[in-house]
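The structure that follows is given in the form of structure tokens.
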Amino acid sequence: MILSTRANFRLLRRRRIKDRIMTGVIMLLSLIAIIPLFMIFYHIVVNGISAINFDFFTQLPVPLGEIGGGMGNCILGSIILISIASLGAVPIGVFGGVYLSEYKHERTASLFRWVVDLMMSMPSIVIGLFVYTSIVVPSKSFSAVAGGIALGLLMLPIVAKTTEEVLKLTPLHVREAGLALGLSRWRVILFIVLRGRKSAVITGIVLALGRIAGETAPLLVTAFGNRNWPTSLMQPTPSLPVQIYNYAISPYENWHKQAWAGALTLVVLIFFINIFTRVVFTRNDLGRNTQ
Amino acid sequence: MKKVFDLFFKKHKASEVRKSDFAFVFFLRCLAVLVILIFASLIYYLWDGSSAILKHSGWGFFLGREWDPNSDQFGALPFIYGTLLTSVVALVIAAPIAISAAILLTEIAVQKIAKPFGFLIEMLAAIPSVVYGLWGIFVLAPFVRDYIQPFLGKYFSFLPFFKGPPFGIGIFTAGLILAIMILPTITAVCREVFLAIPTSLREGVLALGSTRWEMIKTAVVEAGFSGILAAIALGFGRAMGETMAVTMLIGNRPDISLSLFSPGATMASVIANESPEATSNLHVSSLAAIGFALFLVSLGVSGLARLITKITKRRFAK
Amino acid sequence: MSSQPILSFQKVHAYYGEKHTVKGVSFDVQANEVVAIIGPSGCGKSTLLRCANRLHEEDPTARVEGSILLNGVDIFQNHADPVVVRQKVGMVFQKPTAFSGLSIWENVVAGRLLKGEKKAGLKEKAEHALKQASLWEEVKDKLNAPGLSLSGGQQQRLCIARALAVNPTAILMDEPTSALDPISAARIEELISELQKIITIVIVTHNLQQAARISDKTAFMNFGELIEFNSTSKLFTNPESKLTESYITGHFG
């Protein structure tokens, strides 16, 4: 019997060509996916680098018309806001993650997990709006506290979720080995399970910090902004992302430069956080630390 | 009988160690309840905030076409329309690219290329929204205005979507930036779905003499179709909630226009734009109602996505 | 003729939910004996061991009937605290589990250190336990290195030292060598024979030669029941039960 008639052969060739073409299309589309990343990096560096200097990090914005100035107050404001957020979100998030991983069968835990999942998928502006209606409107003032709480509510579910995931990786027999020594359960959980995964938990926290460092929308409606140094936690507080926004939509050349420089600072910070966490995670995955 | 009594008794006689264990669990439960209460109050505040405007104009609020805070006219339809339109534009652009990237990651590229490529895609998700907005204003919008919009206007002007003068800023550009931003979400979920497809299925199709593309078409795309839908739904949810980049690129005009080139506004953008300046009760209330609606819709969409993923995963697990 | 047994299993039944995994097992373990429990997998030997330091309670569906006496005291009785029981009856697991985040010597005294005892006196305790577990010579120069930096066999001896450091009356071992290479396993066996002088050991193993080499008495279990409990030499050379004979000659299991 002859298998490859002329028609068969032609069909096969057509299928092969189609295979090549489609593979090419997929590669091309995938390439398109990452082009914006390189373009954004390129433009941020080219436009931002010229305004980056010592003053940028230490000085106040200058009045309109003057050249120079900096975003020192915004950087300080961002640090204050993120600190307030971490103060609440880190302990509650870590212990919440412990609860989710170590007492997963409790009914409260399932409800808690559900809430954490919902908070994760909520648009950040909705969180901002919540803090706006519940704190800003009643207190009649934008404030660092309001902004910090909004960021904290964004950070909390991320920390809780990563902590849960990380602790779940600890095998059951490690917990049993601790219990078999006659240690009470809470000591086993805190001093063996949590301590043994310390670096991974910290990595999760740092990753969450990287996520909220660039948040703008919730801050716009809670901390608002300020052209001076932050003096009180109850006052409108400047932040790097909000200032980038304000400068970007302004019509002034000098402010645009400042916006690019701010974006460069922010992106470099976030990029380093991502690289750092990746390195730590890979080391943990491959190394002996996995137990 | 004595044993039964003992077991019962033991439960009620807490020793020192048991007490400390109990205190620990109690502490954890308190934290969990605290977070649950915060979440409940979030729903309460949004609902309570919305009540004024809903009393004022009823559910017709969501169908009103006029939005003018200065004359106390509040209708949310332009924002709902803008949110849906920008998100759909974003999906139409992002979905094929994102799915291709996932296919490249799982089916085509070797580990050496897939790893850095995957990292780059993830970095796309790490860039803050405001940076996308900045780049959009100064790079993307002028490019769209000078090249893409004239092109579309020239060759596709018979469609109502591509009519009007090219501003650069508008629904089309907002959708374009959204496409870039939701791409990593769709790729990540698709990748997970494709990885869950058993290798045996792929090998089975290849063993029939299929080319790689035929294998990808049947064993990956068709088999993972529901998962792809879930990924798209998740991307849709993210697109609807994105705020800053859209606010910076959409033009912020509460209009309803068929043309993608015209400016518009979304639910998220109007909240970010007007909350800081809202003074009248009704205005604040309208924004709260829009926020509440946005919350419910994004909840629904992400819930749907999660449901589809769960069903898909269970099917492959068998 | 013999004195009071260290551990005495009396009609122990264990259930996991509906599953009846241990069915009325009774035998005694005398001081400074090594008792091996053998049997096909799933015969309930590990469950029995876990009951003896109340680790079975970690599974909320688990339930025990009967009693286990430790020096004549029922460990399931009214006010007995599982934490106290576990301090008296140590346990070593199949997988070596050095705790990450703790150094070698901290690992050894983890049972005391993590309970809040002062670090000051504990270093000598660690040295003592490491010497007992014949690990001291290998690690004395790197006591502050992480516990996880040790090899599998060393980690398992570390786990034994860790169990010893709590001053237990008996140590239970659940297939302690099955995750190790043959040389490390041999060292553990040597160690067990050495430790016999100071402590009582109950060991679950699926390795019949190992049971024959190191134990004084052997219990053979099948489908949750104790088929035979005898001195090791008798059980392996002249078993009373037909079932035992076919098992040790490799006809099933």
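So that you can tell them apart, the chains are marked A, B and C in the order they are listed, and the count of residues begins at 1 in each.
Methods note: a contact is a pair of C-beta atoms (placed from the backbone, for glycine too) under 8 Å apart; a residue touches a chain by one contact, two chains touch by 3 or more.
For clarity, every value in this text was computed on a predicted model and none was experimentally measured.
For chain C, the chain with the farthest CA centroid is B. Taking the mean of each chain's C-alpha atoms as its centre, the chain lying closest to the overall protein C-alpha centroid is A. Averaging Cα coordinates per chain places chain A and chain B 16 Å apart. Note: centroid distance chain A to chain C, computed from Cα atoms, is 47 Å. Taking each chain's centre as the mean of its C-alpha atoms, chain B lies 54 Å from chain C. Residues of chain C in contact with at least two other chains: 83. Shown for chain B are the residues in touch with two or more other chains, namely 17.
For chain A, the set of residues touching two or more other chains reads 184. Taken in their complex, chain B has these residues touching chain A: 17, 20-21, 23-25, 27-29, 31-36, 38-39, 41-42, 45-46, 48-49, 96-98, 100-101, 103-104, 108, 117, 119-124, 126-135, 137-139, 180, 183, 187, 211-214, 216, 237, 240-244, 247-248, 268, 271-272, 275-276, 284, 287-288, 291, 294-295, 298-299, 302, 306. Residue ranges on chain C touching chain A, taken from their complex, read 53, 55, 58, 60, 83-87, 90-91, 93-95, 97-102, 110-111, 114-115, 146, 148-149, 159, 162-163, 166.
Per the touch definition, chain A reaches chain C in the complex via residues 105, 171, 173-184, 187-188, 191-192, 195-198, 288-289, 291.
Contact residues on chain A toward chain B in their complex (touch as defined above): 15-16, 18-19, 22-23, 25-27, 29-30, 32-34, 36-37, 39-40, 43-44, 47, 92, 95-96, 98-99, 103, 106, 108-109, 111-112, 115-119, 121-130, 132-134, 137, 142, 153, 156, 184-186, 189, 210-211, 213-217, 220-221, 224, 241-242, 244-245, 248-249, 256, 259-260, 263, 266-267, 270-271, 274, 278.
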